[in-house]
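Heads up, the thing below is written out as structure tokens.
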Amino acid sequence: MMLLPVLAGLGAFFIYPFVYLIGLSFSKSTLANTFQKWVGWDNFDWMFTGTNFTSSIATTVIFAITVSIVQLILGLLIAYLLYTSVKNGRVLRALILLPLMTPPVMVGIAWKLLLSPTGWINSLLSQAGLIEQPISILGDQRFAFPSIMLADTWQWTPFIVILSYAALQSLPEDVFEAAALDGAHARTTFFKLTLPMLAPALLSILLIRMIMAFKTFDLVFVLTQGGPGGQTDVSTYTIWRTALQEFDLGLAGAQTLLFAIVISLVTLPIVFLNNKAEARL
Amino acid sequence: MRTTIQQPNSPQNGETFQFKPELLTLSRTWKPKAEEGRLRKMIFVWIALAVIVIFFMLPIAYLFSTSFKSPVDVVDGSFFPNAVEAENWPRAFAQVPLWSFMRNSILAAAFSVFVTLGVAVMATYAMLKLEVGKSFLPDMILASYVAPPIIALIPMFVLMQKLGLLNSIAGMVLIYGLMNVPVAFWLMRSFVLQVPKALDEAAWLDGASYFKTFFRVTLPLLYPAMIATGLICFILSFNELLFAQAMTFDSDSRTLPVGISLFQGERRVNFGQMAAASSAGIIPVYFIALFCQKWLIGGLTQGGVK
Amino acid sequence: MAKIDIINVQKYYGSYHALREVSLSIKEGEFMVLVGPSGCGKSTLLRSIAGLEDISGGVIAANDQPVNDLSPQERNIAMVFQNYALYPHLTVRENLAFSLKIHKFEKSEIDRRIKLAADMLGLTDYLSRRPKALSGGQRQRVAMGRAMVREPTAFLFDEPLSNLDARLRVEMRTEIRNLQRKLRTTAVYVTHDQVEAMTMGDRIAVVNKGGIEQVGTPLELYRDPNNMFVAGFIGSPPMNFISARADGHQAVLEDGQVVTIPVKAHGDISIGLRPEHIFLDKLEHHHTLKCKESRHFDLGSSLQYFFDLNGTEIEVSASGDVRSHSGVEIQIHFDPNDLLVFGADTKRIR
């Protein structure tokens, strides 16, 4: 009885959408007029042949894997520095928490200002003599995608810092003292003890971050709108455009289903690894 | 052997020790050294910390700095304004209905927190106490967390349309309230699993009604978890864009991220005013972030590292 | 194997003075026990020897070489921790091999030492298990083994048995002691359990408030304590103290009863009398004191009495059975030569 609300929530946000989407994806539907007629696999055929959705999926997968790994490494290093070298890091951690709390739209705007042709980064680059003309970093095929990754890394590395810091704190101190007496210096300790002992926690963190990265929307919405030339067209953004700007709900449904399947395929191996690593300790 | 330093008295039968004189002398002269390379290490640490802090503060600082730039300064590319132009702030508030956006955001986020907590607390309680869905619920909820929210966007849009809740704060409260349940449940569960003993004791009072036990015993135990979870859900809702921008159409229901994302999308946007509007929109969350840091970090780490 | 000299060692935690000019000389191959109440600085001293704490002054020397400026990695000292501190992600074999691998030992030598340790400690069947899959006693043995394979200068133990159940603790005491005798490695062993100290130590150092009160063999400490602290700490049940005023060999208790003391003293004194030196049946040479019974417990093998003497509770472990009742006046007897006399400054008057 007390589970009813949560089941209703699950139903509303998970089961009902799935069923509804399956329905949509086999129908011709627009935003104004759903389920006009059943069209079989037409939407799927069109998705694979007539749209760039597979490349959008590839972009998303590359994005999610790259940022989550980069952020994991960066976040762990920062957490390790804070843990080993800073006695009272409360103020530092409070500052580092801020990017995480910033609404992604504002994050996007801040980076847009920094990266704009009249922004500070351009003026730095030209002062350093690296460029002659101001460049549109976000409008450049080479730099747009890395820029999104940079902004995402800025926002989400703090999440990893905080989680890995907590994981570091939970490690038993005496084991490290035993290792010091056993003759292990900093590097050995880090690679032979710290990392393996953190592995399960780090995998959990990586998993959560990767799942979140798959859902990225806001930064792309504000910074590049999927451009230039579809370079930053992550799937959530593509689907959003199909549904709410092209109003083709049937195609959007097919895209969403494919997207959901891909996410599961990419993240499930990590879930599996994670459970295995946890069983070891 | 003559030495100026006395052998200490041995606590054994009043004899004195027979330490080697040079060690004895050393014991009086030795001082802990500043470890070699400690200074170099300190410098390295300070530089590294400075780089980290600068990196994480830079965009925010630039945003605030830009909010005080005149249109001329904006295209200048320098970090700080040449002349402080405070006018951007009042103009931004005049240009876009920021107060309404802010009110909508806070209302939607705050009320959705109550919906989320209500549902999540009951689910947590049911799972722990009544042993319902003990293995099934967490798995199901984790799975629903893996699914991208875009899955729910279209169906929810249609549903809200049918319920007549499109373009309303109530609609956003409902959406956010339900959307955050998986996260909230996950957080509450990991919090509560830390104090299984206390909850078991609650079972002793089973003689009384379930509800009495729940309100008198279980709920107070959950308060810390609820506060941390509530704060995180508040920020998630406050920052949300995808659903808000699909389902709200005017300043009576648009939230801050939507309003500001539209503002920045306009063609002839004044960068200074845009920065001012964005800065204003950040202030509420930073307020929470700085004053409720402990709860937020507690909540994040509980949910994150199992 | 080494002798360890601790000379005038000081340790400050901020402004808190944790070790106050501690000096101690530990002989080669000796089993030295540090015992004392909680928070007295035992662990601090032990960890200073290991190099895990930086000392603030004084010298720690191994074989007459100062080690103050050596890091823990350079001291070649092995430590057994209270919670074992095993490497949780490594198997027992890998735990034992960890430091040998760091020191780049030959594979055959590593195997030889592991086999030796495993045989000695009965770990052969568990070598491929992880610590999680071991019982407390087995983990304890792995920790011992890890210390052993290194053939270190000294073993340090910080309350290694406190997480084991009572039976296993007694068993492991003997086992650790036998092992140390066999290896003849110098050992420093911290405990707050005085029975453990008495049964294991070649010598015992009684630590109190950051200083060493007395060092000696278990019997020396028991028979000949330097002060009331040591007298009260060593021995179980603890020594009874009776306050009195002395004039020469005569001491007058608060209620006027007179006791002859074996040494000359003047003024306020405390008379120490161990529970096991008090008898309920009078023998020759015995002196007698009157007191009231307050309660007693039957422990099966013996009876534990508590008597009331001017408001001080006197504990007696006796085999006699007087079957009296609370409040009844009773006589206790003792040999006056068993009395220890302490001055107002708590120091022993000899």
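Going in written order, the chains are labelled A, B and C, and every chain counts its residues from 1.
Throughout what follows, a residue touches a chain if its C-beta (ideal position, glycine included) is under 8 Å from a C-beta of that chain, and two chains touch if they have at least 3 such contacts.
What you see is a predicted model, and the numbers here were worked out from it, not measured in a lab.
K.L.:
Could you let me know which interface, A-B or B-C, is made of more C-beta pairs in contact?
P.N.:
Ranking B-C and A-B by C-beta contacts puts A-B first.
K.L.:
When you take the mean of every protein CA atom shown, which chain's own CA mean is nearest to it?
P.N.:
B
K.L.:
Could you work out how far the Cα centre of chain A sits from that of chain C, in whole Å?
P.N.:
58
K.L.:
Roughly how far is chain B from chain C, centre to centre by C-alpha average, rounded to an integer in Å?
P.N.:
Using C-alpha averages as centres, the distance is 50 Å.
K.L.:
On a C-alpha centroid basis, what's the spacing between chain A and chain B, in Å?
P.N.:
Their C-alpha centroids are separated by 17 Å.
K.L.:
Across the complex, what residues on chain B touch chain C?
P.N.:
8, 10-13, 17-20, 23-24, 26-28, 30-33
K.L.:
Within their complex, state which residues of chain C touch chain A.
P.N.:
Going by the criterion above, the answer is residues 50-52, 71-73, 75, 77-79, 81-83, 85-89, 98-99, 102-103, 130, 132, 146, 150.
K.L.:
Given the complex with chain B, which residues does chain C contribute to the contact?
P.N.:
5, 7-9, 21, 23, 25, 54-59, 61, 64, 66, 68-69, 205, 212-216, 220, 224, 226
K.L.:
Would you mind writing out the residues of chain A in touch with chain B in their complex?
P.N.:
By the definition above, chain A touches chain B via 1-3, 5-6, 8-10, 12-14, 16-18, 20-21, 24, 31, 34, 78, 81, 85-86, 90, 92-99, 101-114, 116, 118-120, 122-123, 134, 151, 154, 157-159, 162-163, 166-167, 170, 201, 204-205, 208, 211, 214-215, 217-218, 221-222, 235-236, 239-240, 243-244, 249, 252-253, 256, 259-260, 263-264, 267.
K.L.:
Hey, which residues of chain B end up touching chain A in the complex?
P.N.:
Chain B residues touching chain A: 41, 45, 48-49, 52-53, 55-60, 62-63, 66, 74-79, 118-120, 122-123, 125-127, 130, 132-133, 137, 140-141, 143-159, 178-179, 181-182, 185, 235, 238-239, 241-242, 245-246, 256-257, 260-261, 264, 271, 274-275, 278-279, 281-282, 285-286, 288-290, 293, 296-297, 300-301, 304-306.
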